[in-house]
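Both of the next two complexes hold chain A, though its partner changes from chain B to chain C.
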Partner chain A sequence: MSRSYLRTGAIAAAVLALGATAACSGSSSGGSTGGATTKSAAYNAALDGIVNASDKKGGTLNYVASGDFDSLDPARTYYAYSWNYQRIYQRTLLMFKATPGNDGAQVTGDLAKGLGTFSSDGLTVTYELRDGITFQDGTPITSADIKYALERSFAEDVINGGPGATYLKPVLVGGESYKGPYKDKAGLASIDASDPKKIVFHLSKKFSDFNYLMALPISTPVPQAADQGKNGGANYQFHVVSSGPYKVETYQPGKLLTLVRNTAWKQSSDPNRKALPDKIVLTEGLDPADMDQRMLAGSADLEVEGTGVQPTAVATILRDPSTKKNSDNPSTGFTRYISIQEKVPPLDNVNCRQAVQYAADKVALQGARGGPIAGGDIAGQMLPPTLPAYKKFTQYDSGSDNTGDLQKAKDALKACGKPNGFSTKIATTNKGKGPKVAIALQAALKRVGINAQVVQVDASTYYSGFIGVPSNVHKQGLGLAVAGWGPDFPTEYGFFESIVDGRAIKQAGGNSNYSEFNNPKVNDLIDQALATTDVSKRNDLWGQVDHLVMEGADYLPFVADKALDYRNPRLTNVYISKAFGMYDYVNIGVGS
Partner chain B sequence: MGRFIIRRLLGVVVLLFIVSIMTFAVFFMAPKVAHANVARNFCGRVCDDEAVKQVSIKLGLDKPLYEQYGAYLKGIFVGRDYRLGSDVTHCGAPCLGYSFKTDQSVAFLVKDRLPVTASMAIGAAVIWLVSGVSVGIISALKRGSIFDRTAMGVALAGVSLPVYFTALVALSIFSYKLKILVNVHYVGFTDNPLEWAKNLLLPWICLAFLYSATYARLTRANMLETMGEDYIRTARAKGLPEKTVIRKHGFRAALTPIVTIFGLDLGGLLGGAVLTETVFNFRGLGYEAYAAIATQDLPVILGITLFAAFFIIMANLLVDVAYAYVDPRVRYS
Partner chain C sequence: MTAPLDVEPSALDADPDAAISAESAKAVEGRSLRQIAWMRLKRDKVALGGGVVIVLLILTAVFAPVLVSLLGTPPDVPHGNLIDQTFQIPKGSFGGISTKHILGVDPTFGRDLFARIVYGARISLLTAFLATFVTVLIGTVLGITAGYFGGWVDGLISRVMDILLAFPLLLFAIGIGAVIVVTDRPILGLTGTSLSVAALIFIIGFFQWPYIGRIVRGQTLTLREKEFVDAARSLGASNRHIIFKQLLPNLMAPILVYSTLIIPTNILFEAALSFLGVGVRPPTPSWGQMLSDAVSTYQIDPTYMVVPGVALFLTVMSFNLLGDGLRDALDPRAGR
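After this line comes the complex of A and B, so read on.
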């Protein structure tokens, strides 16, 4: 998941909350702040505690964003901040816990009373719905509304952009051939909503992460009646029906979204949301530097895209203790890496790939991303530190100062049969930090005789049409490519599946496994992990995947992404959601 | 005169038709030639071939180009039907289609963004016309004076400095440092005329600075040329007061080229001041066009281009009509 599905931005699934575990457990039921540490404003205070905890109601929140949501339609949105933002006014079957620390990456019941009950063969999952759940017009929400919503995401000829079909097709019985409710009125039989208070899913294979899928916006209920006529289908995004404590008052795409209280929502039906402010105004389409200025001046409360402030503001904020205490430096859950293509000679030789790994100057690469604060921590492995299976290791030594081990690089080049180096290309987007990263890598590789030419491509087509099409990668000889990856939901499967499962390589395009890494052992481990319910065993399997991926030398991770976020001191209940790697918007209120 | 205008209006239609074909060809054919699939940009992160196919159907990209163009043209004149869900949705004429990215009606988008662009362009035009032409006239009449030299020096800077530079400097000084005009954003004229003008002040000045420089230099050159003409000497010899000579004989003749360039500049700006709108975050037509190009949102690009072309062509027509009043030698028969 990313700021956009083109992965041009830097947000995703989680936050570095080292040491937060102990302080933040115990909020498994009831109010979202139960058990979590409350804190007053301090640098990084929102990483593992709630800043300015309060139950004070009223006031207006003023949020800002540079762009617009990809869509307000819950089945079509794929931006991380959009998923986070919808939690304010929409409810899903399950949701990520509204609590700081590691608990925030766990799922809990939202419309459902609790997590799904798996049958003994793992192929049937049942959820029971809460009492008192309604749409904004007071109509009770039934299991049929959730079934209909999930079915909509299969209609890719109308509801395009979201991840629903991709995830649900291979998991639900009959999913592969189902075309959505607009064409197939009979619906998908493997989603059983015959009991209005119960929804039952019939899976075609074991899928231990199913609960996480039900915490994605795709499970937001949609009343079938509202999805008809000119206000339905592709236009439903302009007429969304709310199920949470707020409803849309005004939506002017790219300019303004205002939310006001949904009077039909009952606090008794929702233990996760406090619903503090009376109104939430989101002004869109602002210049990033201008947004920073507004935040520092106090006229804006938060930048909701979660990508962090601009470099100028980073310096301003950190220099002054009075502003530094209102900022946080969370991990976003993204790993920034160089993809090394094993189908492009001479990188088809593992020794040549290793030479690149050793020669890379990780300090320079980190600098290109913005340094330790705005860029992130130097990484030695693909798995981000935000996921439970993470165990730190560094496969390829970059020397004691992380600027590269040139001797090992030269030895690897000899073993590859290219003692004097070789020529290749580095692909990158033409925007943001990509070109800087490419140039830093180019300079580092030059030291051992590897001459790399930088190829810049427009950001809008870079992933989808350029490095995401294997034949193009081969034809153009793109040995190296600047990339980044974060999980759709904070599990190891959510992170690894698209990028290291060799069976998921898409030759026709839309491929995310740019290096075409395909190790049968890794594929097997992924299957085993998906069928394993024991958490420690599963983490162990994913740990093995992480090691095997690094041994292949196809991936050169250099930074575990971070961002510097700023919060207006007047805000209450501010904390970083580990599921999203940015502030949790569910319970923020306005203080004095 | 009436016949002239009708003839020109017919010409406008033909010209717009040609512009539409060319724009359509450029933006819809280019991806085909490059074997890029535009639908892939709109089907999400991990989309398979089936998804790309379905999205192509939704966007109408599965049909041959001539059919797509035919349907587009039909939409403009009589409207067309879209399937956006379980039912068929009719998009009434003039239908410019729906955005690939947001599914918003392009006609609505243009209507919604036009006031922003128009406010910016017309306000700036008034400033640059008044300031540019007056400075030009004074400079010409006081040729070689300190005023003339200073004004022309400033004008040279105005012509040379790109608007994205002057706009950022202006923002930095007036918005961030002096905090005179903070949080510059567009406010509708009907919502609050005072705020409207206040927020538009910086964009107006920045745009006008660029253009008035050109106008000052052009007016000065024209005035100098005209004032050297024989008929000016004759007018003076007849004993006409100098004011009348300048106003009636000098300025009027020097105005013709100004009218031409003004029509073109204003027409062009009404199609979107891309740089100024982007720097000041005014969501006008230029900003939308820029955003649409970045995401390959073809219907939006096409719609705004057609609209911009319409303004430029209409502005030309108005300039031609205005000639008759400015220059007595021009008559339409």
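After this line comes the complex of A and C, so read on.
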């Protein structure tokens, strides 16, 4: 599950151990067919079409980034852009389709020939592997390499930071007690790799999203021989073995990552990747404003973190038609919201929570996020528009101009027994846009007599140690908290599980359901949806979850995140991946 | 005390007789050091100008609520309608300057910039003055003690000064500030803005006292050997009398000059800490914080950077000019 503040560029690695950031899904709001329509450069052209489609090989791609990856180890990385970037040089069992539009959120076979086949009881999943798949030294990839890679995720004492253990433990038979291959040489019996061309999973419960798990970097094959000694385990991230068309040439963390062609990779084994450039250079550790300048000057091709350009560049790009046509404004799949804690009086009363919902000035909150382009669209519900079950609605009307319905807020306050308002606190990180959001909320609530004090906490401990610990939230009376959330993989389960399933509340810390929302009906619906394979029925169930969550008034969503991205006009095959909400790095090439 | 010799030399040179008759018309009257200094200061128009600006600034800070009610809107009230939604900068030219918002509004929120500057002056001046007071108080007390008593007392205090002077002040300030600014607990009963202001005063004030302490100690060392101190001592005066009645009045000039010169330094220091995000917490306005905020948009909304920048510049320059003038007036022998 994702904590969106990591997308602000100020990346706090400390949160990762708890499963911090993640993939998110991008979208074009229009009903694109997902066909590979070729387009010439225009504003938002890459949302549902391929800009400058080409098969021309050669050249050097110059990517830039402000920070470093959390890890190059496929089992340990949790940044959304890192997952996207790994697709260039690593292969996974399945992958998100390398196509624009809605199809980009679908999974397809990568190392596997196709999606898994479920047994009739839904508890056994089988994948068949392609022919000709090899590591960078030419050794064939077998199912044992994938089994071993997945098992590594269970060794949380060595392989920490990634999502593997969180997702796989409850799903695989015997997963809860398995400690990983370093301690348990026998391996996990529920992953069957007895046939080198076939991998079979035995599930402990029905899990309709299993294919999506296999598209995460955790299923990148790892040769057991390379994961030994001083170059293995926690240090494997500096000695990763490539399975895709490129391999790591040099990696200087925080400075430089260069990829060169992996000669052992065969195009015939990989229908998804074009592998156009000869070399891919990623320069890290740059100042965000400097990156914008480089991109506009054409000396850098893309910013890979997908956080969008800075305010100055937004103005520069949009005001000039010749640069505007090289930019896109995708949805990133994150919902920005205020968590209203139902265990903190007087917000334990639903009417008081509703008063906050009505009093909020969504235009000001949107402004604090950066406005409609750099921030996103005003949201009325938690589910992001990038997910299939999304049906737009607004539970709490903020008035005709979205600046808040003060009359309804006052009525709600009366019903709550606090006609003159009350006092509470707004918790936020001290970095990025958090403080601005808190200030905008504070000013809006003041209009109906709700006096909120802003409490700023260092970004590295905010989620893990501050609002993620329920007892701390109660003790300090943190009635309101600024937060953001996006799905790890583009399904409703990937979005909702950690934040609204009352059974997933972690009292000891690392909790993501800050408001401690716990509605048995919602918990039931989640179970039903997971066991439902019919898509429209499942979407209907998730839609009900979305409504019930909003009725509880624990969540005040205000923006469905967007970012303004800039692409160098010389690039070919540029499109936004709907699974990631940023450009798809798999097939980008260099034109003239 | 001897009368000064160089008063109005031009008048004396031009017409000695007239001067003599004028002198004899009045009873011969000695002038106090204070009168002489004031007379010299009055002739220094630049310093006076600085002084006038400072007085205006102090009045502005004191009467901030009144001024803002006349010329703007309260500093925390957002005006979303004045903001261009796409770019999140004020509509109109020059940062949205209008008759209602004479210095425009800030980006994102559309809060009145005039009000924020005026309230920011409160934070700036309050912090700078109180920090200076803390510095001067500690510096003077310890400086006189060290200089007057000498011996092991002097040794101890001087070594403490050496240690503090070797301290990396900025790093320390950022360290403490970073902790204070994100803490959620009350410290000594203070929370929020009052806590950060108190912390700033402590950081800025406490660690700078050795500078003035050394000056005072040096002066005291010279003064305590002077005849008038010997005379007082031989007449049986107590240490207390000698320190407060004999030494302190003679130390006032350097202390005053030094104070006026560290106030602008402290204003800049406060701005620097707020710029780095370890000063006062938003939404409390502060000049440094505004400058830091303006960095991301200065190319598209330069007004937001120019306004607090000019305010800071004028304030610091005024204090420096006044301080220089005071030094010239109080101690004409010192070279610049």
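Criterion: the second predicted complex is superposed on the first by the 557 of 592 C-alpha atoms of A that agree within 3 Å, B and C clash if a C-alpha of one lies under 4 Å from a C-alpha of the other, contacts with A are read in each partner's own complex, and residues count from 1 in each chain.
The definition used in the following text is that a residue touches a chain if its C-beta (ideal position, glycine included) is under 8 Å from a C-beta of that chain, and two chains touch if they have at least 3 such contacts.
Note that this is a predicted model, so its numbers are computed, not measured.
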| item | value |
| --- | --- |
| Residues of chain A touched, compared between chain B and chain C (which is higher) | B |
| First, second, both or neither for A:456, with chain B first and chain C second | second |
| Touching partner for A:119 - first (chain B), second (chain C), both, neither | neither |
| First, second, both or neither for A:420, with chain B first and chain C second | neither |
| Partner chain(s) touched by A:465 [first = chain B, second = chain C, both, neither] | first |
| Touched partner set for A:162, first chain B, second chain C, both or neither | first |
| Touching partner for A:310 - first (chain B), second (chain C), both, neither | second |
| Touching partner for A:267 - first (chain B), second (chain C), both, neither | neither |
| Common interface positions of chain A, toward chain B and toward chain C | 458 |
| Chain A contact footprint on chain C (complex, rising order) | 76-78, 80, 83, 85-89, 107-109, 178, 181-182, 184, 192, 277, 281-283, 296-300 |
| Chain B to chain A touching residues, read off their complex | 36-37, 40-52, 54-55, 57-58, 83-87, 89, 98, 101-104, 112, 171, 175-176, 182-185, 279, 281, 283, 287, 291, 294-296 |
| Complex interface listing, chain A residues touching chain C | 289, 310-312, 314-316, 318, 361, 363-364, 366-368, 370-374, 403, 430, 435-436, 439-440, 442-443, 446, 453-458, 476 |
| Chain A residues touching chain B - in the complex, by the definition given at the top | 1-2, 5-7, 68, 70-71, 78, 156-158, 160-163, 165-166, 181-182, 227-230, 232-238, 252-255, 283, 285-287, 290, 293-294, 297, 299, 458-461, 464-465, 498, 506, 508-510, 512 |
